[in-house]
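Shared chain: chain A. Partners: chain B in the first complex, chain C in the second.
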Partner chain A sequence: MKIAILSGKGGTGKTTLSVNLFSCLKQGTLIDTDTEEPNSHIFIKPTNEVITNIYKNHPVVNKDLCSFCGKCGEYCNFNAIIPTKTKVLVFEDFCHDCGLCEMVCPNNAITYKTKVIGEVFSSHLENKSFHYGKLKIGEVSGVRVINKLNEISKEDGLVLVDCPPGVSCSTVEALRGSDYAIVCAEPTPFGVSDMTMVVELLREENIEFGVVVNKSGIGNNQIYEYLEEENIELLENIPWTKERAALYSTGNLIADKDPIFNEKMEHILQKVLGDNYDQ
Partner chain B sequence: MDTKHTRIAICADSENPKDDVASRFARCEFYGVYNHKSLSFNFEENKAKNEMSGAGAKAAKQIYDLGVTAVLVPEIGPKAFEALEAFEIEVYRYSQTYSVRDAIYDYYEKKLQRVLASTKTGKHA
Partner chain C sequence: MINEIAVISGKGGTGKTTLALSIIPYFEDIVIADCDVDAPDMKILLSERVLREDTFIGFKRPEIDYTLCTHCGLCYEKCNFNAISENIEIKKGSCEGCGVCSYVCPAGAITNKDYPIGKIYKKQTAFGPMIDARLTPGEESSGKLVSEVRKRSKEVALEENAKTIIIDGSPGVACNVISTISGVSKALIVTEPTLSGIHDLKRVLELSRMFSVDAKVVINKYDLNLAMVKEIETYCDMTNTDIVLKMPFDKKIVESISNLIIPSTSNISFFTSKEWLSFIEYLQKEK
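And then the complex of A and B:
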């Protein structure tokens, strides 16, 4: 069973929720797919990590063989290769590594060059596994890194996914194959606005979901009205307290030190996993 | 009068030379092409304007295909500039909002500055 934790807006508590729910499990896997800014590991504190490189290819044009026929540019869907009057320009960032330009080149002037775009860090402790991905600075898309995280965890029984914020390609990739989604939202106008995009995405992908309102007590009641109007299940309501913020800011698991918070985590797991939740 | 370039392109949001110049290069609606020999304007729809990525370089290709050798722009990103340079298209910059026709006049009066490097940071840089 794969459960995605996502939010739309950043900073609502996806990681807080992910790592604390994970800490309540006896067995399972957590993957942090926020490859631009992963931070679950700050709380999990993994040891003996195994690092796997993630690669991407992009075309390189051999000037001596190129006849400037322009085919590569005509076929590229992403404007990643633009034949000009004087040379063939390659924009690595735009390339999706599809291989089409190499195929259509009549002069075999195009070859592919490989580069490392990110890394996956894997660790195991007793019956639990934790993997997170990190995109290299300057790279534009974490999709390949997330794809690797999905691949290495696909055989695992229970997988929690700490998703990236927003509803971009990265989030869609992180959601892939999820059986259920927990939307972690904050009761502010921005929180509600960004959550509606996530709700739209989940409905489109046909993924069942419920909402955890984190940091309740701040903002306003708009979020509760929205949930009622849209007939969305409120899984849990977690009040904001200074103590919780302090624990988080020092890299601690709140569930370890705050019994009420811990109870809320268990309550969420019971609701989501039902009989599958082994306390 | 500078007669080096027969066709000069300019960024526009409508098909009328009396209307204002556009404020973006790769995502403007039209390219106005002024033909120095026939003294006439032709407007071509910008095919790159809705591209998810790489609009600048694609726009440069379209401008080249129109037979243009100089382009007047409001600003230019690094990838678009690299492409225009590779197509050997000269880039000139206007820095006010006025009509397409007035910008062309300014070009002929040598009031527009030649751009020799990109004027803004790219979205993906």
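And then the complex of A and C:
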């Protein structure tokens, strides 16, 4: 079973929820797919990590074979390869690694060069696995790194997914194959607005979901009205306290030190996993 | 030259939109650009009238004519994005519009058609025109939509002789953020005194340097953990990065947003402080 934890808005508590839910499990896997700004490892503190490089190709043109026909540039949809009369310019960062330029080249002048665009860090402890991805700075998309995280965890029984914020391609990739989603939202006008976009995405993808309202007590009641109107299940309400914020700020698992919070985590797991939750 | 100020953060929820909104009332002749296209929130507080709405074509997406398709599977085999399923259907959110499938199809069953990924708007606010956009949830190419918001906001600024563009960015460090900061005069990086905040600040600072953007740091909610503030200060010192503002955590700021009032225009003492006013003065200086 794959359970995605996502939010739309950043900073609502996706990572807090992911790592604390994970800490309540006896067995399972957590993948942190926020490859642009991964934070789960700050709380999990993994040791003995195995690092896997994630690669991307970009074309290299052999000048001796190139006839400067211009076909590669004509077909490339990303302006990543621009032929002139005397040379062919390649813009690595624009290249999506689709392979079309090589296919259309009549002189077999195009080959590919590989570069590392990110890394996956894997660690195991007893019956649990934790993997997180990190995109190299300057790279445009973490989708390939997320794809790897999905691939290495796909045989695992229970997988929690700490998703990236937003509703673009990274989030779609992180959600792939999810059986259920926990939307972590905060009760502010921004939180509600961004959540509506996530709800639209989850409905489009046909993924069942419930909502955890984090940092309740700040903001207003608009979120509860929205949930009722839209007939969305409220899984749990987690009040904002200064103590919880302090524990988070120094990289602590709140569930370890706050029994009420811990109970809430267990409650969420019971609701989502039902009989599959082994306490 | 137009003074373009981008507010970014790396980590989400540090207070980008709150800060961006709060500086707006201090500028005359401005254009507002909301580049957080998959979570656009500035519109919520800026009373608005839509002046123009356009559908944004992100890329060309393949369409399969099943009366011609022989299910040979070549498109599925050659697609590098795993965007075509085994039963020859295009998967939403995976296709990047490269055109390989239509090129390899021996039956000529695939054509590439303009594909809308969201909407882009020009709006009137009490402070000046605003360009914002809404990505259709789940779509590709959001970076292009961000670039279009930037482009249009510059066009409007030139038309209306505006001196400043205030840009609200998205979290992260990939395409959306790169499109948000490339070529701006100043980037304000909003961080918070948490381990996650520092971790993400370092990454987004590295990105700003890579793109030669003049980046300054704002520590929001600084009073929640003073020891962490020290750590941020040490790191900024080491890397020659200026910290231009420290904002306290104040429930009144959240309340103000909940009441749909720009925090700096409501009665909150921090916004009359010397520190805040000299920060505004710094922003107003043209580069």
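By our rule, the second predicted complex is superposed on the first by the 276 of 279 C-alpha atoms of A that agree within 3 Å, B and C clash if a C-alpha of one lies under 4 Å from a C-alpha of the other, contacts with A are read in each partner's own complex, and residues count from 1 in each chain.
Here is the rule we go by: contacts are C-beta pairs under 8 Å (C-beta built on N, C-alpha and C of every residue); 3 or more make two chains touch, one makes a residue touch a chain.
These figures come from a predicted structure and were not determined experimentally.
**Q** Can you tell me whether chain B or chain C touches more residues on chain A?
**A** On the superposition, C touches more of the residues of chain A.
**Q** With both complexes overlaid on chain A, does A:Phe261 touch chain B (first), chain C (second), both or neither?
**A** neither
**Q** Using the touch definition from the top, say if A:Phe94 reaches chain B (first), chain C (second), both or neither.
**A** first
**Q** A:Phe121 in the overlay: touching chain B, chain C, both, or neither? Say first, second, both or neither.
**A** A:Phe121 sits against neither chain B nor chain C.
**Q** Does the superposition put A:Phe78 against chain B (first), chain C (second), both, or neither?
**A** Touch partners of A:Phe78: chain B and chain C.
**Q** So in the superposed three-chain picture, is A:Tyr132 touching just chain B, just chain C, both, or none of them (first/second/both/neither)?
**A** neither
**Q** Who does A:Val140 touch here: chain B (first), chain C (second), both, or neither?
**A** In the superposition, A:Val140 touches chain B and chain C alike.
**Q** With both complexes superposed on chain A, which partner does A:Thr86 reach: first (chain B), second (chain C), both or neither?
**A** It touches chain B, and chain C stays clear.
**Q** So which positions on chain A get touched by both chain B and chain C?
**A** Touching chain B in the first complex and chain C in the second, residues 78, 140 of chain A appear in both lists.
**Q** So in the complex, which bits of chain C are touching chain A?
**A** 9-14, 17, 38-41, 44-45, 59-60, 78, 80-82, 92-94, 96-100, 103-104, 134-135, 137-143, 170-178, 192-197, 199-200, 203-204, 206-207, 210, 224-225, 228, 251, 254, 257-258, 260
**Q** For a test of understanding, state which residues of chain A touch chain B in their complex under the given definition.
**A** Where chain A meets chain B, its residues are 73, 78-80, 82, 84-87, 89, 91, 93-94, 140.
**Q** Where on chain B is chain A touching in the complex?
**A** Contact set of chain B toward chain A: 48, 51-55, 57-58, 60-61, 64, 79, 82-83, 86-88, 124.
**Q** Within their complex, state which residues of chain A touch chain C.
**A** Spelled out, the residues of chain A in touch with chain C are 8-12, 15, 36-37, 39, 42, 75, 77-78, 96-100, 103-104, 135, 137-142, 147, 164-173, 186, 188-190, 193-194, 197-198, 200-201, 204-205, 218-220, 222, 242, 245-246, 248-251.
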